[in-house]
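So that you can tell them apart, the chains are marked A, B and C in the order they are listed, and the count of residues begins at 1 in each.
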Amino acid sequence: MPLTRGDIVPKLSRCLLIALLLAAVAAVLVPPVWADPVQIDGAGATFPYPIYSKWFSEYNKLHPDVRINYQSIGSGGGIRQLTAQTVFFGASDGPMTNDQLQGAPGKVFHFPTVLGGVVPIYNLPGVDAELKFAGTVLADIFLGKITKWSDQAIAKDNPGVNLPDSDITVVHRADGSGTSYIFCDYLAKVSPEYKSKVGVATSVNWPAGIGGKGNEGVAGLVKQTPGAIGYVELIYALQNKIAFGSVKSFDGEFVRASIDSVSAAAASATAKMPADFRVSITNAPGKNVYPISSFTWILLYESPKDKHKSRLMVDFMKWALTDGQKFAGDLGYAPLPQTVVSLEDAALKKIKVE
Amino acid sequence: MSWNRLRRKVVSGAVVAFCAAAVVLALIPLGFILFFVIGHGLPALNAAFFTQMPKPVGEPGGGMANAIAGTLILIGLAAGIAVPIGIVSGIYVSEYRKTSLASAVRFSADILNGVPSIVIGLFAYTTAVLPFQRFSAIAGGLALGIMMIPLIVRMTEELLNLVPPTLRDGALALGATRARAVFTVILPAALPGILTGVLVALARIAGETAPLLFTAFNNRFWSTRLDQPIASLTVQVYTYAISPYDDWHRQAWAGATVLIGAILTFSLLARAMTRRLERMHRP
Amino acid sequence: MSTTGPLGRSSGEGRLFPLLTGAAAVLVPCLVAGIALVLWRESLLSIREFGFAFWRTSIWDPVAGQFGALPFIWGTLYSSLLALLLSAPVALGIAIFLSDLSPHALRQPLIFLTELLAAIPSIVYGLWGIFVLVPLVRRLEIATPAWLKGVPLFEGPPLGVGLLAASLVLAVMMVPFTASVAREILKAVPSAQREGAYALGATRWEAIRMALFYGRTGIIGAVMLGLGRALGETMAVTMLIGNNPRISLSLFAPQYTMAAVIANEFTEAADPLYLDALVEIGLVLFLITVAINALSRVLVWRVGRERTVRAGRPVPAAAV
């Protein structure tokens, strides 16, 4: 029977569906010609995602049979999936708490990978100068106690700047995040009221403001709302070309975030680095130290079930802590101090690889 | 013309104007959005986009080949789960429509249709990810399949009911059993419409992100294995869109354009099928 | 008439067919029950800790371990109902236009275009919302006259993000679903009804009104379908609503919905009580969806019953 016009559409759809089905089946069943590469899944912080994705890509070029698949679902997510053992390694901007370590099915080690800073971004049309923020001022703004840009507390640190009398719109993270953790960690150190009222965690009960989704969401909201203030990782502020202020360090000087000032924060910590590397370097003492800095960690089990993957992961870590560090600067991260790298090398030996 | 008649005519005219305005009102955001997405996405579509894997930040190029393949595999899995269950359930509900099981199925299908995709993702995470301690394409396919089932059940039932009773009577009169009558006469008659239903359902789930986040996860590499995480267009577009990098933003728009294009094709096909079906059944 | 067994088969019929098809059919209610069960089981910690106070409390503090779902329930219902109010007339207008009023040449292209609206993924709506809708809403908020600002419905700083922006994007997302189902319903109204109305001298509106009356059960169903979509919408809402768990009557205030909080905080929640509280919100959302579905079924059933009861008397074709 000849193909009539009315037949074409259903026949076409039928053909399309069969073709799709065949393609799906073929893709799944046809065995790969090359050796099946090992895939290691990891999940966690969004903050180091750019450099991790660079590392895993470069490492894969050097070792084509090792594929490390990392997804940035957030620091808490990384901890959770690691605990549930649905991923092989986790990544977090905030170290695991003692309770979380207890809850894990095995012993977990923290390995710092790079350093980064969290900066206060703002949108004040008409104000060109870079604003200076004292820690207590930031805490009071985010507590909702300082509500106008013209407030004395802000003006005191910014003499000569014509601050408008407009409302401050606070922008924070809606989703749980290590960036929030680092920011809250700093604010809790400089403001006892912030510590008791809000606390330090990846998700907190923000006393004021609106929530943006992801670093991008916060940056976007601040960019669009005149009079807004928020916080993002340094790279996001640089990439989005948003104005960010300098913050008063422990020693009393107003420091602007940069690779050098963030590295300086780490330097003060290396002297008394705890054995498990769980250290907070916010509000660190020292010259030209950026106060809202932090390590970011990769979390590994001491004795995972798959020893082959364990060995591969340890080899990767050794590469990341040495060759990998040279990629850090271009992407806006501060590389680890050499003393920390040496300590980590020793710690890596404790991971069971057979 | 009496006063009453004039009033009625004015009211009628006002309603007609309102309806026309409603159509225009709906088209405005559509125009905006399409202009926005395609305007940003089309320039970024090139051969590399369809053949390469994602590249890390700072490296130009890269594409979403794995995400496109992943989406195809995921909807293939979803269809594989939902179509058999959906069609056979639809047959039962249509054949035995007065039983309590049929009412239960109809009610459940409506509820399932209204369950938010994120809750279905939670369910799939708890049943298909946690016990096996891995994210996988199967878990993602399961989540999407669950979302497809109610649409297919409903479509199948309604279409089987629409088949003229004369067809059934004829088959039974010729001595066919119920099963044979359904599978050899009634179902083939309804098949074009059911196909439409499947296409519409595929279009709906192809654009879902939330249920895939905790199930299929995502995969930077090319993978077609069902027991491993797998990339998908929606999750990849989402990841790129919330990043700070312009290059990734452009790829996100390109991905969104491909997605809309694919969904459009499905919808167009479904529409063409429905028209043909109507022409067949018009009295 | 032969007897019918539990699966509906009549005596003398084979067992295999109803058994096999019934087995597939039974999977559907089992799935729904399974989802409810899993949601229940995974939120036990939170249920035991808070009980029914969970539905009444407004505090959401992950650090202190205090959880209450009221702000999210409020935000979900408020934004969805507002979106319903905005979208239903527009969707019905479109359905009427496409089924009754449009010139034949325009019909197919317009149908195609409305379906295109349904094809756009939620994430794209969210992004469009941030870049286009939010600035528009902010300008609208700034332009609100001062005397209106005193009303609780309009108070608050002009942020742009907030309930209004989220409801607007939800309304845009609901329109194509409601419109296409309503159009199918209107198309199914027998043409004899309309022709009868016109023959008796009805204006266009009066004939349409009669068709609407005839198909009112299906139209309610169509509206409910759109509402179901709005209740569960996640991505677009969380980008536009401001994500602030406060209960506020103001359209300009940032608020929060159940689906949005789950999407935002689920991957991060590492503490068992926190996780269970989030799953319990999923359970609450599920129950609300079930309730609305059941309600619409009762509405449809009751209205349908009225019609059959009155079918005894001849109903005039035109309701002039």
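Basically, a contact is a pair of C-beta atoms (placed from the backbone, for glycine too) under 8 Å apart; a residue touches a chain by one contact, two chains touch by 3 or more.
Given the structure is predicted, the values throughout are model-derived calculations rather than measurements.
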item: Given chain A and chain C, the chains that contact each of them; value: B
item: Between B-C and A-B, the pair joined by more C-beta contacts; value: B-C
item: Chain centre separation (chain A, chain B; CA means) in Å; value: 35
item: Chain centre separation (chain B, chain C; CA means) in Å; value: 17
item: Numbers and ranges of chain A residues touching at least 2 other chains; value: 73, 213, 217
item: Interface hub residues of chain C, defined as touching at least two other chains; value: 267
item: Interface hub residues of chain B, defined as touching at least two other chains; value: 213, 241
item: Residues of chain B touching chain C in the complex; value: 8-9, 11-12, 14-16, 18-23, 25-27, 29-30, 32-34, 36-37, 84-85, 88-89, 91-93, 95-96, 98-99, 101-102, 104-105, 107-120, 122-123, 126-127, 146, 149-150, 153, 177-179, 182, 203, 207-210, 213-214, 234, 237-238, 241, 256, 259-260, 263-264, 267-268, 271
item: Complex interface listing, chain A residues touching chain C; value: 73-77, 79-80, 83, 99-100, 103, 167, 169, 174-177, 198-206, 209-213, 217, 220-221, 224-225
item: Residue numbers on chain C that touch chain B, as the complex places them; value: 4, 6-9, 13-14, 16-18, 20-22, 24-29, 31-32, 34-35, 38-39, 42, 89-94, 96-98, 101-102, 110-125, 127-128, 131-132, 172, 175-176, 179, 203-206, 208, 225, 228, 231-235, 259, 262-263, 266-267, 279, 282, 285-286, 289-290, 292-294, 297
item: Partner chain A, residues of chain B touching it in the complex; value: 55-59, 69, 72-73, 75-77, 79-80, 129-130, 133-135, 192, 195, 198-199, 213, 217-221, 223-226, 228-229, 239, 241-245, 269, 272-273, 276, 279
item: Contacting residues of chain C [partner chain A, same complex]; value: 59-64, 130, 134-135, 138, 157, 159-161, 238-239, 242-244, 254, 260, 264-265, 267-272, 274-275
